[in-house]
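Inspection log for the structure reproduced underneath, given as structure tokens.
The first chain written gets the first letter, and so on, giving A, B, C, D and E; residue counts start at 1 in each chain.
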Amino acid sequence: MDQSILVKRVRVSDIVITAAIYAAASLSILLLAGIVCYTFVKGISSISWQFLTTVPSSLKGTFGIAGNLLNTLYIVVITLVIATPIGVGSAIYLNEYAKPGKVVRTIEFTTEILSGIPSIIFGLFGMVFFGNTLGLGYSIITGALTLTLMVLPLITRNTQEALKTVPESYRSGALGMGAARWYMIRTILLPSAMPGIITGIILAVGRIVGESAALLFTAGSGFLLPKSGMGFLTKILESGGTLTIQLYLCMSKAQYGEAFGIAVVLLVLVLLINMLTKYLSGKFNVETRE
Amino acid sequence: MNNAKISTKKLNLYYGANHALKDVDMDITANAITAFIGPSGCGKSTFLKTLNRMNDLVDGVKIDGEVTLDGENIYDEKVDTTLLRKKVGMVFQQPNPFPMSIYDNIAYGPRIHGIKSKARLDEIVEESLKGAAIFDEVKDRLKKSALGLSGGQQQRLCIARALAVQPEVLLMDEPTSALDPISTLKIEDLMEDLKKKYTVVVVTHNMQQAARVSDETAFFLVGEVVEKDITSNIFARPKDKRTEDYITGRFG
Amino acid sequence: MNNAKISTKKLNLYYGANHALKDVDMDITANAITAFIGPSGCGKSTFLKTLNRMNDLVDGVKIDGEVTLDGENIYDEKVDTTLLRKKVGMVFQQPNPFPMSIYDNIAYGPRIHGIKSKARLDEIVEESLKGAAIFDEVKDRLKKSALGLSGGQQQRLCIARALAVQPEVLLMDEPTSALDPISTLKIEDLMEDLKKKYTVVVVTHNMQQAARVSDETAFFLVGEVVEKDITSNIFARPKDKRTEDYITGRFG
Amino acid sequence: GCGTTETTTADNGAASSQAVASETAGTDTAAAAAGSEAASGETASETASEAASANAGLSGSISMAGSTSMEKLSNALAESFMAKYPGVTVTAEFTGSGAGVEAVAAGSVDIGNASRNLTEEEKAGGVAENIVAIDGIAVVTDPANTASGLTREQLSGIYTGEIKNWKDAGGADQAIVVVGREAGSGTRGAFEELLEIEDQCAYANELDSTGAVMAKVAATPGAIGYVSLDVIDDTVKTLSIDEVEPTVENIKGGSYLLSRPFVMATKGEISEQNETVQALFDYLASDEGKALIESVGLIVTE
Amino acid sequence: MKMAFSIVRGRHSKNAVEKAAQIIFTVCAFFAVLAVFSITLYMLINGTPALFKVGLKDILFGTVWKPTAKEPSFGILYIILTSIVGTAFSIAIGVPIGVLTAVFLAEAAPKKLAAVVKPAVELLAGVPSVIYGLLGIMILNPLMYRVETAVFKGSETHQFTGGANLISAVIVLAIMILPTVINISESALRAVPSQYKSASLALGASKIQTIFRVMLPAAKSGIITAVVLGVGRAIGEAMAITLVSGSSVNFPLPFHSVRFLTTAIVSEMGYASGLHREVLFTIGLVLFAFIMLINTCLTKLLKSKDTQEKVKEAGSRSEGKSCGTAGEKKNRAGAAVQGEA
């Protein structure tokens, strides 16, 4: 016929857009890779056994982040333990139980609002409400409660998105066989949505680990290790600065070596968390899909 | 009709403002195959779904009138829809296997209803797959994902899954529209078998199929049941002009 | 066959280790309807998709051999797949309208190919919808989402969408399996019309349909083409025992 | 403004003259700090073993919060005090002077650190001002700067924006980048007050900690800033003011203009505090405590 | 034939579990409402008094920020403008780059490259923003200072900032939001049913046309999420930019040292007392109001288009084999039974 398929037509807009895509991608990939490399190069020399296992001593003039590592762990765990069930539950309600209407719109709207509130506001609120009104002061629990509010929408949203991508036919299939709603959710939806839920949790962990403004006024900046077994319990009522807080403090004191050292530790930490969750979600997929 | 398994009286259904079912009165005979025919969009699927309350899941649906199963109103507040849907099973128009292994797909229903014994489940899975004429094709990969099957295989899997809970009534929404003739024939044979114990309702676009397998046929048009009768009567001596026109391909 | 629109030579296709098409040699006659029949999973859809290179999108696919369209090898490196697919249109087994209005669904293809005039688009949309026997049902809601249509309506919409780019070849993968007999008949009539200008290839499970509409029929079995001939020959005097067995319903 | 200034200066003067009485050797601040750091380390461990039986009884916890410039002092104090009294936990937060005083007034911490004098309002709220040390404020530039000192007028001119180039202040032809602290900072308050340029400063950078100022000045050619004396190192160059170098002696002697007190505020007088807190203040007042204060580069009061 | 059970008889233990599940989920869902309600309440309680003490006009439209002066002045107009301008520019830079990168990863990148880059992006989404600030101080500021000295050579009026200016802050913010935007947009793109893609390609659309005309519109809801989160992160970031932006209160011009709403709170909250402290809470309140406004506008604006098309939800629902039926009225994906109409 008129046009041979062997002659490629040139579509200028396609070429331009493709070029833009490649340019944008190379830019962001280079930037992001550059950030990681630069941080590693600058920070790796600060890292030593002492750096990882001791706490700072102004008498000996040494520096270490053991206390901050532990604090970070505490805050991540406590926050997730509280926020994950609430976030996932909320998503399940919104997606699977609620009839569309005012109520759902209100909840979705407020969840959106919550996700947009700047961390500094969470910090102020946490300081005033958990710290002063509830009398928890500067403590790990104050920080964790504050962060719970902060990461909640992240988990809710991701779970919701994941639930939305589960085909409707799975629901009707299961319900059509007489499965009750919660049973259907448990056996079909949650496994199918698990990768999405885990993405939400990854993002949440990332946010917690990376948070500074909301923690500065709530969890404080303590860096001591618990003195005894009981100390591990009472620690949640004591002030504790996460790695990021310590990084910020080092940075504002121009202790750049230490700051980059902590940055490296943070990168490795986030990497480990990501790998772990990947592994877990992979396992889930294998179990349910194959 | 005394041995009506399901009866509807003055059933009306609205999707918001769309009046999708209009004053449907119907008795569905026990241990028989009832076929629903009618042009696309006339409400066959909708009616089918009111029979096991799958329409409850659609937002903005309003249902008026009565549907009884063995004389009990299934829209009564006290009805346990779980039990209702165990008794009134369903096969959908589009194959919808769950994202799990073939075995787990079939075992899903029995597990819902409390069967835990591995041996018993194995038995049910095998029986059901055989019943749906797919056992031989999948017996070596029961532990593989059901999503890896072809469309036709998936649909037969779904039929097997519905059989696994041993329903009393089986609703099938164009169950063979994605199948090749051989599988279709097997399924049709299977329906014949099933009606000995069960009540079967099947929506079909294939007039030959309706004529071949069903004992009774109902003809739907824009939300109304124009005519319902013994199948041979519908095809040989339709009472309504519209039925005749449709069957002879004069409109649609 | 001198007027072959499409020819394949020693076409082999592998999904990873799964050898899905085996040495397929076929000539598809221009301005005729060619039907593919065969049991579920035998590779009909797969073969169809090699004809407009839709299989390129599947990971791990390996294709050997040659496919020519008007004598040009469509697997040549220089091929403009965009143009190829404009010339070789496709309707899928599952209806897949875009999540946009009915109008925009139809206008999508023409717009892609550079038609901007509102009047021209209106015209194309109307023509295409009429061609697919769905215009009357949707004319009042062209601006509404296509996802609100019933399955049958959606499939006809997809056919209309494929017609809107005025292809030379139209590949249809069980295009009527979701349609009622009336719509099916209309589509079949349409195919008759289309073949005057276009080359039509249709996969079907419905042997009657194949017999009714097609000029030539190819019978597939586990990735091979067992037999291809003029339709009347295939159904009246199949050369291969397996074809005969399949047509007479002796296996599947 | 004038009234406050007088009070502050008077206070400082008194504190400085008292501080002169206590003897401190060494002209080079850094060397002195290093030396006494080692000394206090020894002292601490000795005392800990000697008085272990006597101190074992004391237990509890002390919480401090407040000024960031007092971080070095607070951490050193906490550490050595805990070494001496193993049963006690001392925690310190560095949220800023205002927050520290507020926290102590609210009773949520035992001690509020402030790197400035308390306001009359704060004192009226029942908070006691316990001055524990005196700190100097050094004016610094990037190491490559050729100016060696400024007059008081030049310094004021630079900070009020009248002088924009180093060539007008005895240096090369180079733009001046004016670095300072944020409103509310003890350091900034003292600096502006002593130069009598309150509310007239035009900062190009208002940074929120001493360290940040150090870093910015060190890295920016043409920059000028002011920081606590105890953080000075060789990444920056200190300038003399009216030809007086910022050294511990000059501050004690009163010839160096810029200094301010470090306050550890308590709710009510020290005597009203619990015995653990009292022990902390006793410790600070002891020779051991004084050595500690000097070791971090500060000047001992009284 | 009547079987053993009547359908009316429910099994109670099971019903109890089901009921409990529903109640628990409902409570969970209201948690967010409670949180937003109490945060709003606390911000109002702490932030409004100063508004009246100082005067609404003097705070919001005053340009002089001298909180500790003898006659203090609490004008935050420049601070507000800085936040608006800074956020707008960082979004204008970060979102297109991020979305295009997501397109690259989801559609254009070789599998192997994507497999390396994706985890890297996830990693960076978790990187503390302070690190970006750290890099800003170490790399951007000196660079900007060089640009500044070149641009304003010999200027008598320009106040030299040493590179700590609006541009530096905008760049740090833009880079900071990249991973978030990339991650979420990419997931949204991947969630688009593959049937849309094949339908479009089969019509002869090029890959680019398919992406921009079908995939991106279908992924719109996810991309909105990405933008909203990006805006939130940019406008809400404090620590990363306190040091990078110079933190003086100035009109937001590229080479001015500027202060954002957030950095205003962070840098002075520790030191402020009395009215000054209350005004900082007022700044918090303003920030909060901003977020509310932006969120509402963005979602309203973008969603209203959606409603007309009734597209997004049904689209993101249907997958692979099943096709959506959204029905006549606005049908929330939540309960539409698909795959069979």
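In this text, a contact is a pair of C-beta atoms (placed from the backbone, for glycine too) under 8 Å apart; a residue touches a chain by one contact, two chains touch by 3 or more.
Fair warning: this is a prediction, and the values are worked out from it, not measured in the lab.
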| item | value |
| --- | --- |
| Chains touching both chain A and chain C, listed by label | B, E |
| Least hop count linking chain D to chain E through chains in contact | 1 |
| Far-end chain from chain C, centres as C-alpha averages | D |
| Leading chain pair when contacts are tallied as C-beta pairs | A-E |
| Between chain E and chain B, distance of the C-alpha-averaged centres to the nearest whole Å | 48 |
| Whole-Å gap separating chain A and chain E, where each centre is the average of the chain's CA atoms | 15 |
| Geometric centre distance via CA averages, chain E-chain C, whole Å | 45 |
| Inter-chain centre distance, chain A versus chain D - centres from mean C-alpha coordinates, in Å | 38 |
| Multi-chain contact residues (two or more partners), chain A | 99-100, 167, 169, 171-172, 180, 183, 216-217, 252, 256 |
| Residues of chain B touching at least two other chains | 45, 54, 57, 59, 82-84, 92-94, 96, 147, 151 |
| Where chain D touches two or more other chains at once, by residue number | 95, 207-208, 212, 215 |
| Interface residues, chain A side, partner chain C - complex | 1, 3-9 |
| Parts of chain E lying in touch with chain C, wherever the complex brings them together | 111, 193, 195-206, 209, 213-214, 217-218, 309-312, 314-315, 318, 321-328, 340-341 |
| Complex interface listing, chain A residues touching chain B | 99-100, 167, 169-180, 183, 187-188, 191-192, 288-290 |
| Chain A-touching residues of chain D, taken from the complex the two chains share | 37, 40-41, 44, 63, 65, 71-72, 75-76, 79-80, 83, 89, 91, 93-95, 106, 108-109, 207-212, 214-215, 218, 235, 296 |
| Of all residues in chain A, those that touch chain E in their complex | 11, 13-14, 17-18, 20-25, 27-29, 31-33, 35-36, 38-39, 42, 85-90, 92-100, 104, 106-107, 109-122, 124-125, 128-129, 149, 152-153, 156-157, 161, 164-169, 171-172, 180-183, 185, 196, 199, 202-203, 205-207, 209-213, 216-217, 243-244, 247-248, 251-252, 256, 259-260, 263, 266-267, 270-271, 273-275, 278 |
